[in-house]
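Okay, handing you the structure first.
Order of writing sets the labels: A, B and C. Residues in every chain begin at 1.
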């Protein structure tokens, strides 16, 4: 019945449409409770361990809020500097140290494959909350949820993904997730040095129409998904300046009237603050959807009570 | 009825005597519960978000204890190094990310006006837990509470404020709060480079008698309020040595027999540990008053149930 | 009846066999509840303050899990960089600031004697969770518990302690604890610069047979207790290489068939990961025993309800 029960959540690459739809349907119910600040007792007595080997505020807090609203608890681990990893503690030993004390791991780690490797070494379910430049699957779910809430469908959409497509894990996760829906066109726009990895383009072309744009052309997109370009990625300041883009109210004039503008946040300069008042700006709503979507994921993994 | 309900707590500058008295009266009731370690269910199901962009132990823990004793919960954010602000996360976006998940913000930030700006951008009540060199209003309330507990009044007192008066936000908040009571004399003693800002002196003179002392003269003070002088503020070590003061048992001989000695803590060398045994030393009691006073503030802002 | 009630837990040096046996007996009961993830209400409404002035994951989480399973709560303080100690906050003032808000302190500090000093200055019970190179008494209790679970006795054992014996606080605590049992032989193996402090050897010789080995000879040991050698301790890299040891499956061939291999973790290279599959490897079980043992300690200190 519930394909998520006891499962790890590592990558969107092999997800099925049905599994995504079931979690989105649960998220819709959770969203009602969340907006009313209603708490349930579904996960009373369960503990989620947050292992964050990279800084984060929003993802960690969103998981914590989700757990709290379901009646469960969080036990958190700081960043490398303040935790045992400073003494050479490995992810492996940390997971082994904690597996008897917790019911689910949420892991963010700078290395690709870290969550998968942790999952291979413990019977406790593992949720990947970002592994290096690879994947961030619960972000993809909340992105899908936001699209569905606003466009009332997930099929037949043209989605423009812009920014750092090479290292951007949210883009990778969302592109693979969308590729399982029908009639999707994925448009990619990035600096030439930060293009979508070619193996991913090849994978995606099997399922969807792929277009690489050579300018920030918003005209055809139903969904515009902007992401940050990190300064560290481009050594030459002049290159960085050219690679950067900025969506302001002027740029938004070129977008469809019923398009939606998304961003996984935090933003730096990609979207001007003035755009917040454009009714098409959905990134703050998108972010707040993190809680109900993670409530759905946690309740489906940890119980059958949803 | 309750002037605090749903309000932000940003600055003591425009507080009315009546509003302060109402929170002090509530704090007195809370203090009884606190000393008996009695927990209430007043704030069951509510969440306080602690956004600390500067290191702190005592303020954060005191707010957390207050919330816990009222039945509520805390969700905490680390310092800039361990949180998303390392990636350029702005206070604005952090507040927007969390406003749907929490019932009140407690914000400490290195910039003056940070809490006010946050409050202008969200409907969730904001409590300023220190904004740069500007204000720390709940500290002023616990200071008033300590004075009232010991002197049995807030009118007609001579209060000596000593140390770093230029950058000391606790001094600023307390001075403005006291200025609304009757018959107050404020005495100021500081190194010449760290004097009370002149615009504040001007404001205060409208309400109270102001005296700037040129030596650490304790003789007339009913309340001696000592604060730290941070080494970083004075570049020349010789200057620093001259600027520093130290209250030991010898110095306390010059104070009134019924004076009280306060300090917002942490102290470095301003007050010798030997002074802890002097019955006039009230800084540890003062500090522990942080909990009942913050219980009063939180319960008045978040409920009408007090 | 309960020798632990209201007591501080600072050092194993003067522990009595009976007191250790009583906490181990309680730990056995707690272990049943822990393995079934059963929660009790024994410590409902009590608060443990974790004061960690050094990085740690496992000790802190283990105390927190213990407290949670007993129905109590934790209030945590970050490392020096993120807490008030960055402004010169002393341990003394921190303890005084918190003593009215909590029921027990758990303190880890880089200075020897820090926990003892804190305990001398507050009426709230203090548990030493590691003070510099001195002691880590609850680790000794979980080590004893692990030995007893596996060897079915604590008398008559030969225990090999290897690694950094000079600075290794877990070794110090365990050696003194074991010395109160009958027929114990303690074997020590370390680089020459990191030998067991001679005053400790002298103390221990009064109670037990002591042997200093000049090679990693596992042949006679019923219990092999390996510890890390920190690179920083040995300045010459060549010296460090010589001083290092590594236990792999080949080395384990020389150990008794019914020996057990322990390590306080985290490990770096002292024990190869391949050894995890050797049935004599007990360090992961040992680590998970931290929770029931700390449940026993906390419940005996804070209540009489065990």
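Methods note: a residue touches a chain if its C-beta (ideal position, glycine included) is under 8 Å from a C-beta of that chain, and two chains touch if they have at least 3 such contacts.
Just so we're clear, the structure is a prediction, and the values are computed from it rather than from any experiment.
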Fitted rotation between chain B and its twin chain C in degrees, CA, nearest 5: 120
Same or different contact residues where chain C meets its copy chain A, judged by the half mark: different
Rounded Å distance, chain A centre to chain C centre (Cα mean): 40
Where chain C touches two or more other chains, by residue: 78, 81-82
Residue ranges of chain A touching chain B (in the complex, touch as defined): 34-35, 37, 39, 55-58, 61-62, 64-65, 68, 78-79, 81-82, 228, 230, 265-268, 273, 284, 287-288, 291
Touch list for chain A against partner chain C, complex: 45, 47, 73, 75, 77-78, 81-90, 92-94, 96-98, 100-101
